[in-house]
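By written order: A, B, C and D. Residues from 1 in each chain.
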């Protein structure tokens, strides 16, 4: 029955990452320059696709997975901030510029999408005043456009997804989100949060980088106060997510007496000193977990029609999530999907689910159920595509 | 003895990658747009460092790990090629623009370095005529410059290296190099080679993308002839590197009857349809091997003074290489080094060598020797830095 | 008494331009790409000066007289319009980037000033959505900054102004203004009006270029209707300004049957096909009158502190205007002021008023009065500067 | 006989410019930023035209009369010079990007043309190392392309030319050329020469700006020596061109004791502090002579097919030159040509030769001869076009 999809289900041999002696996990918050580039790239792909569907009733080939952010320059101090040189967003990427004799406003779509993403991601940054956005996007090579028409795998590529998060991944991911959603409403913090978690045996250290908003922090005392409040809140939040010992450090590079504090005008280090690029930040799981198998493909900005590097990564994640949700006897799932160049996307070379059962082994029935989940997910790649276009799945 | 460096030596529990059922490995050749960006970034870092040393006797903080390549546009056909729109190289990154009251010609250094790298990497591309290079680089945030002065770890970060290459990694890496060095002298091929290797059990498929040079290929017959010759040469070469079955496919997206062939004017897809960016290609091992633990840090372009993401990755690779070279009883080594933020680089939080012995276990003496190798490598980070500046270590 | 200012008053020998057999006069409306660049340049100078005064209590050296507008690309037709490629504004020019150890947000000021000018000049253009504005401005050569400190003439240069407008100049100037203010409220027209007047003896032809707004003109019939209404309104208006015969032509390059009509999305040809630059449009008199002596200096964007090319042109115009206003016996005045390099601005090499008396000669008293007017204007260059900074004087 | 061309021949009533009390003339040398932009613009037009003719056998519509030069940044001192930030050349302008289904390498042509012009104009500037050239050129509005097909006047426009140079014009023009050709071979001077001549009655002052080459001038003594030698040579040369008193000043803004001297690395102020733009420098006569009637149209870069602003200016100059050369009894000629929109170029609205006879009046025969010269020049506009394309006529 699953012959066609080449589905394999097996039990994982390796030690679960949670039990390995050392683990490192990082999450770049939504305001980090790399995350901003990922977000812009993905938004361009979505808006371009929506435009094409609205005007032509179809999706067109594109890959907007190249965006570079060049840091601006600011002068900030306690209580004030001034933008000297705006941030530059340089959009590259490839689209289909004309279709059926009609030009597609590719550059306008791209620039507006970038601006929309910035507007919705950063409270203190003014996407008009603080940023210069230009589009250098062009058309793809004709050969590739050709290959895409058939909607087969464009490459021998692969996707991987694992679920659930390890305990450290969970802490890092949720802490970053907590800061980006809750804490920002209580304290004058920017969105360019970075949480780096290191676990050595059962001791967890979270090193958090947190920009404070210069115009709302009026002196060193207030800075230290806000930083301490943030540290405590994160400590409390993260501590509640694990039984392990957690140590939270915030802005460790500070040297307040020497004037070295992390103040920003806009809430992101992109305003000064930190460039950004697509595919250099979080994986589709929302974290960077170097001890896990991971695709290096930047999912953000790639077309959701045919790009294996995007679709299989998200599909693998969704399948792993469904397996663990549906089958209580599965503690953890890792799904690998390998494309077969020139074959339809729902006929991979191999789709492999590696499972960690709660109690050592899986029943034949569970294996069958897992294979069915994988099969259904592959069969229904269209739904995945729609969810991407509705921005329900964040690839970073 | 090794207390200070927190060195751990252990035997690997996991199955060796060579014995896993599925393996995927990719190498982007030196002419691939992403590799070009990596190469340019690294060259800028090297030339900037050399300039500073020559003029100031010291190295200065920088991170030139952001370079974006925007594809050009060409019109090519059998026997001819014309550049319509040059390739754009947009250099970002952060340096120290002035030192001791003297300005550093950062932009000039960066642009010249980019041009030098292109000149030395691509035979058919004219780095003046075919490329517009501009520098948008700026200065770093003062806070970071401050932290760097002390040359301590700038981040909780980590590096990982493994040695030797698995069989598939070896085949992919060496085949790409063989094409980029030998085959290019015999056939009208460009440097933008991509080799994707997939192994399912003992069957290896190499999917190779190979641009042909338009001006030297005069008709379809000649195209097919060159492509076939290339395929055979790669098949012969790759076949000689393994006992497994190898199947080589070249330019699978071709449809010559429909005019879809892979012809280029300059030997790189950067001329049309393919943008590039730093850190999106090969890891420091020279390949992309998604089933291996790997750092996502882009090593290319980062400063070799203090950047853990660069230094520890290269150090881990060199240590693993030395371990395997010196100790015949070690079949494979993986080295992890974890930084301790705020501590000197040679005092990592932990440096961990995971080893696969030829026959199951390691002697106490071997373990001691391995720890000494790690210790010596860490103690001598200066030599590593010098080798980077002499461009003896390629981080991609 | 006027020795110090080297003031000369004389009677003009040449035939008045009104009486010459042929006369050509042109005005580029406020939405013309060249006028937009002039307006942006001037606005940058004003905003930069205001910022410096507000923050430092003084004005700083600058010349923002270089702005390039690169046309965008649109797709328009009856009833619709789409922006494909935004207009690019490339700001160059020189400013003082730091003063008393504080950085001046030169780029931010420049970009915001450009946006403000566009917003206030064009009703249908969205200065965010339709335009990408970037600043490449830099600092001036140290040598020049030095010379400026002393506020002496920076050059052997000159300014010239004449008053009143000739009859044709009056017609061209007022017609363009009439269209730009009145007619635009009644008809769907854009601001990129161009009025070219040619007079051969007593026959005047006005050739008017007038963009119609694509989204408000739904078919050819409506286009022809609007164009005819505009033509008639201009004919009526211009006819009322002269006793000569006036013939008005509108959009003579149209060929409606072939689809060649002048429709725009934004009201300016900058949206497609027409680049712009500073100093390529109207002189300080508001028109281009090639038979008149005129300075080629672009007044717009130059600093009002020391730049002779700006100050003397405006001063000459104001002086000529005052002479004619105050002395009914003067029919027309032309004022030339020549700088003396290295000398204070109010000590020109020569300030020369050439006058056309109503009845052939001027009384000694009138000459004295004229000399006094010139003297007072020169003495009070500060007031001129203030009027420039309040944008009461438009240099184009 | 000349009815068709509407040729008018008359005797000038106005005082010859040589006899007016005040005269100002300026020439920006070939290395001045504005002249560089003019030269680049013109070269692009020529190379684009040549390419089209070679590949299509025809010329295509274009106007490359917009080029902006953004000054670089250098650090110079006695004996050394370093480029910190390269000069940026931003090419705008409009061309026909495709013809008969084939793309024209417009950007490549433009960038190469710019580089060629720089290489041939400046000895110390390296057009690769010191300059970043990018092309933002686009296509024209379809409406204009349409109008051009018919090769009729594209505008109500006019051209004017006068011959010979006045004495001051002659001195300024020849002195600048003398410096740019002879003096540069003897002294370490750059090409960015500016000669400003002012004549008050019979006293002429030449104010000359002359960059010295930093790497070849080793101390203040040498600077002063070279400057003095240059001054003397110019004094000698200029003095030999007139019976009037001539005073030559060189680099009057210098203050050597305060370190304010005019040293450059590349021989042009474009390297630091001086931006450039097309149409802001010399008129087609090679000088800026504000007391003369002059067209404000930038001739450089405009297409030589249909652009009245270019063709009529050059034609008028050539006609004036021929008249004075052929008829010894004509002391000076000014030719005006006024286009008739929509009519062929050789049928102007009026072509008017205003002449200053040596002895007050012209014979009927001379008038007839002059009319014939004008008629022949108009009839043979093709030859003019060819001379432009062979770069025999310099429009600046």
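A few points about this structure:
Definition applied: a contact is a pair of C-beta atoms (placed from the backbone, for glycine too) under 8 Å apart; a residue touches a chain by one contact, two chains touch by 3 or more.
Please read all numbers here as calculations on a predicted model, not as lab measurements.
Note on connectivity: the fewest steps through touching chains from chain A to chain D is 2. In this assembly, the C-alpha centroid of chain B lies 56 Å from the C-alpha centroid of chain C. Separation between the centroids of chain A and chain C, computed from CA atoms only, is 51 Å. Rounded to a whole number, the gap between the C-alpha centres of chain A and chain B is 23 angstrom. Residue positions 73, 85, 88 of chain C are each in touch with at least two other chains.
Of all possible chain pairs, those that touch are A-B, A-C, B-D, C-D. Those residues of chain D lying in contact with chain B across their complex are 73, 75, 82-86, 88, 102-108, 111-112, 115, 128-129, 132-135. By the touch rule above, chain C contacts chain D in their complex via residues 13-15, 22, 24, 66, 68-71, 73, 85, 88, 90, 92-94, 136, 138-144, 146-147, 154-158, 160, 196, 198, 200, 205, 207, 249, 252-255, 258, 260-262, 269, 272-280, 283, 288, 290-296, 298, 336, 338, 341-342, 349-350, 352.
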